[in-house]
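Across the two complexes that follow, subunit A remains constant while its partner is subunit B and subsequently subunit C.
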Partner chain A sequence: MDNKFLRNLYMVPYAVWIIVFVIAPILLVLYYSFLDIHGNFSLVNYERFFTSVYLKLTLSSFWYAFLITLISLLVAYPTAYLLTKTKHKHLWLLLIIVPSWINLLLKAYAFIGIFGAYGAANNFLEFIGIGSRQLLFTDFSFVFVAVYIFIPFMILPIFNALNSLNPTLIDAANDLGASRWTTFSKVIFPLTLNGVKTGCQVVFIPALSLFMLTRLIAGNRVITLGTAIEQHFLVTQDWGMGSTIAVFLILIMFLIIRLTGFRKRGA
Partner chain B sequence: MENASIIQFVNVTKTFADDTIVLDNVSFEIERGKFYTLLGPSGCGKTTILRLIAGFIEPTSGEVYFDGKKINHLPANKRQVNTVFQDYALFPHLNVFENVAFGLRIKREKKSVIEAKVKEALSFVNLSGYENREISEMSGGQRQRVAIARAIVNEPKVILLDEPLSALDLKLRTQMQYELRELQRRLGITFIFVTHDQEEALAMSDEIFVINKGKIQQSGTPIDIYDEPINRFVADFIGESNIVKGKMIEDYLVEFAGKRFTCVDGGITPNEPVEIVIRPEDLEITKKGAGKLEVTVHSKLFRGVHYEMTCRDVEGNDWLVHTTRKVDVGDMIGLDFEPEAIHVMRFDESEEDFDRRMEQYTEEEANG
Partner chain C sequence: MKKLMTGFIAIALVSALMLVIIDRLNAAQGYSGADTLTVYNWGDYIDMELIDRFEEETGITVIYETFDSNESMMTKVQQGGTTYDIAVPSEYMIEKMKEEDLLVELDHEKLPNLKYIDERFLDLAFDEGNKYSVPYFWGTVGILYNPEMLPGKTFTSWDDLWDPELKNEILLIDGAREVMGMGLNSLGYSLNDTDPEHLQEALEKLQTLTPNVKAIVGDENKLLMANNEAAVALAWSGDARDIMWENEALDYVVPEEGSNLWFDNMVIPKTSDNIEGAHQFINFMLDPEIAAINTEYVSYSTPNQAALDYLPEEMVEDERFYPSSELTERLEVYENLGQEMLGLYNELFLTFKMH
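Showing the complex of A and B:
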């Protein structure tokens, strides 16, 4: 009796948090999505979402998120693998994690400096004889900075998966005649797939709704779903349309989590 | 003509990065089709020998030969050797069939061949019908069998077993000992088995290498090693033994516990200090005064099959006795034993010297 009461009591802060900061906002967003710009109840926002403008926007969001995730993965996997082979692996890991503690905005401004017309990147290009060029406000700089920001989040789960891999399994694969590549493709990669999936989730989903970088680094040349939501709420004041996009973003996130959801096997 | 020896170690030394010597100038030969056991306490270097044969590590100096060819730098995946690991090292993301088929798939065998061979290997280890099970659904004993099937399916010339039974309970372990021995006989390939369990070693092996501190202390058949331990370490490690200090008076006459006894050992310098081993089961209890030694019973432990008693003689030597007779603590009793039960060990005798001496005096015995 007493125990049960206590247990319920412990649940209160959590429940309050979930209701106030998760469930209520989602319901509110859902409610706003059914209001047109004049505050009347209608489905017009949903109709608008399926017009070419917004579908294109969604597609380009997906494309950039995909690129960012893919490049992060290609950089993070070998990095995580090398980290597990180093002597002080946790120190190295910490050094990679530390930049992620710095405010995103600060890092974005730092990159404006680096990629600017007279920044370090262009100085370097001058130096090696390529000559300075427009770096800031390009797709390239957007993807580059986004990858830079997301890489620690990709490395961490992959590092953990690799680190918890039983090293005898690699001996066993070797013993059974597997070359280094076969050992990687048939044993190491499949067994660290869960780490890869987690990494992709934590990069892909936030990358879909990136909005600040699109303005600061990409100079609004890249418009993602996140940018669109921000514009509707702050610039056009069309909260209904902003909410509708948010609803779709939430649906997409759930879909992705479902699709990349993993079966527990072995462990 | 195929050479009888399949693996040869010539003066192999292995040191680790921090200069600790794990194997110290070890030489030995492994013959085809026999069951070998590397026996020793943990950290003695036995697993290092296994890893050198498997190719996971390379020797610091010396040569390793396989089938007459030097294989010091041959990578593990190119060796005709398969290992059964201590923790089995089964691939958790693959089912039983795919685990066993792993090596065959790498060799790009035909699908029909793979299916037939995996089936045969699984039936060899009594796991027919388990093909589609996940590893997580298998018990410890079953995983053990999958690991063995995964090794034998590749038809290697040598199978290495790294303490494969240590994680099983006693009953299953005994059963697996029989099965492994039987399997080795049926397959006719060389098994090299690593263990720290002397009973396991005695029960299963054709040949035992007793290893301590990076050196092979003694090698031979289980009976040889049990009956003629070369030094205190071997006598102590294999079976239970009474080891007392003594003096060799002359050939076939030895002095210990204040008395002189006829024995069957010879070839030792007269009056050389030696150590005497008598196995507890070779000591017979007699009435007081009727035995060769007079002792007092100090403690008694019921072991099920027998009583284990510690007795002390007048010189202060402790004697461990196994008996089914009922004797009380504090009793004065006599201990009797045959001359064959006395085994004389010299201090710091190498295996070569030991063998030479054995040959010499058994020859003399035959001639004289």
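Showing the complex of A and C:
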């Protein structure tokens, strides 16, 4: 009896945590999403979400999140692959992770300086003869900084997947006459697909609701769902509409996790 | 079972100990003491030496806390918890706080220094008869520009911003009221207009400004203008003043069609447990000499007429920051348009941002 009781007792912190910090907030968001600005129960927020303003917003958020994820993946996969080939791979990995310990806001402000009209990036362009141009407040700088921030989160799972890949499989592929490309596309990539999926989830989902960078780096020329949520909670105090957008974000995230979900392999 | 009991007792003891510590800490910080005053103000918006002087003169201990937006201030006051005795909201927030019954009525007999405030700034629509609030600082919204980057270009009207020569040079404020207000003003409408057709018209006019807009930013505009990143910015006069200390090339203009007149005001929230001390504090801040010292530090425009005598002449005679009554008559204070209208303003602003 003692044992069972103790086991249940150990469950308490976990259960309390999940209920208070995960389930309760989601239910609250859901509840608020059904309230109009006068606090009456209605579906008006959901109607509003399907107007052109919010649909365009959703599309543009998707587009930028997709770009950020794609570019992160294109950079991260070869990097992770090279890392597994280096001698002190964990040291190199650490060096890639270190920047993610620095506060996001601080990094964003640093980029304002670098991309500014008289910043380092423009000085360099001037030096190599291209001439200075506007970098700050463009789509380019927004995607660049977002990729910079998310890349460690993409590299880590891919690195882990590549690292745990059994090298004898690659040898076997070679012995059986597979070309390098075939080895990669038929052996390495499929076996590290779970790492890629995890990386994409970890990048795509927060990228959908980025809002601080949209103002600091993109000067509000890129607008995401996160911007709209921020405005509704802080400025209009229309918590209902803000929550409705949040509900849609949650739904989208579930959908993405479903789509990129891991198939259960039979034993 | 025995072990479990000891565990429970240990937890209970630790909890009790923590309660005692919290209580001690609160007492040390004065949250429960009688002769303390909790002042809740914007960041860097008072000369801290004046707080010391107030403490010396009255024997009241001041606890000073800061906020960075009207909304977050109101949320904290609403939640209770801390006994704020003084807060400094902007005018539109005072209307909201009045509606929510969060303010204590002022006793004018305890505020003899109220007579020093310029009559232009008393008895305004957001608080008739100054029943709940006393103006602390005021200012305008206008155009901050860099003449060195734009030789020969002058600004007198909002329409000057639509000049094709300013392609990709303008920084806007990330605020729906400010930007929509600029659009409305440039069309000759009031910035408190609630006619949806006029608002739509303003949006369409603003959308033609898009090629000239470099970015829509928040407080970063200070940094950007100081570093010559952009030539023109929509700015609050207070911020403009700050940036002009940093970058002396800059100039500031309030367009002739009119613009916004804003106030930050001292109020006593319902959370106060030292209403007497709060009145003393407000009266202290209204003293002309004190107000002058504070104005020199904060460098915003003071509504205190008598304090102007204590300030350097070049500060007071600067028409950009102490505009004549002729101009202030054309300026409008934001009215609380109600949540529905504010929602519409924001949705239009969002549309503008998406272009």
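The definition used in the following text is that the second predicted complex is superposed on the first by the 263 of 267 C-alpha atoms of A that agree within 3 Å, B and C clash if a C-alpha of one lies under 4 Å from a C-alpha of the other, contacts with A are read in each partner's own complex, and residues count from 1 in each chain.
Definition applied: contacts are C-beta pairs under 8 Å (C-beta built on N, C-alpha and C of every residue); 3 or more make two chains touch, one makes a residue touch a chain.
Everything numeric in this text was worked out from a predicted model, so none of it was measured.
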item	value
First, second, both or neither for A:Leu213, with subunit B first and subunit C second	neither
Which superposed partner A:Val187 touches (first subunit B, second subunit C, both, neither)	first
Which superposed partner A:Thr168 touches (first subunit B, second subunit C, both, neither)	first
Partner chain in contact with A:Arg221 - subunit B first, subunit C second, else both or neither	second
Partner chain in contact with A:Thr236 - subunit B first, subunit C second, else both or neither	second
Which of subunit B and subunit C A:Gln134 touches, first, second, both or neither	second
Which partner reaches more residues of subunit A (counting touched residues only), subunit B or subunit C	C
Residue ranges of subunit C in contact with subunit A within the complex	1, 69, 71-72, 168, 171, 174-176, 214-218, 220, 223-224, 227-229, 339-340, 342-343, 346-347, 350-351, 353-354
Residue ranges of subunit A in contact with subunit C within the complex	2, 37-38, 53, 56-57, 60, 112, 116-118, 134, 136-137, 215-216, 218-221, 223, 227-228, 231-232, 234-238, 241
Partner subunit A, residues of subunit B touching it in the complex	54-56, 75-78, 81-83, 85-87, 89-93, 102-103, 106-107, 134-136, 150, 154
Subunit A residues touching subunit B - in the complex, by the definition given at the top	166, 168-169, 171-179, 182, 186-187, 190-191, 265-267
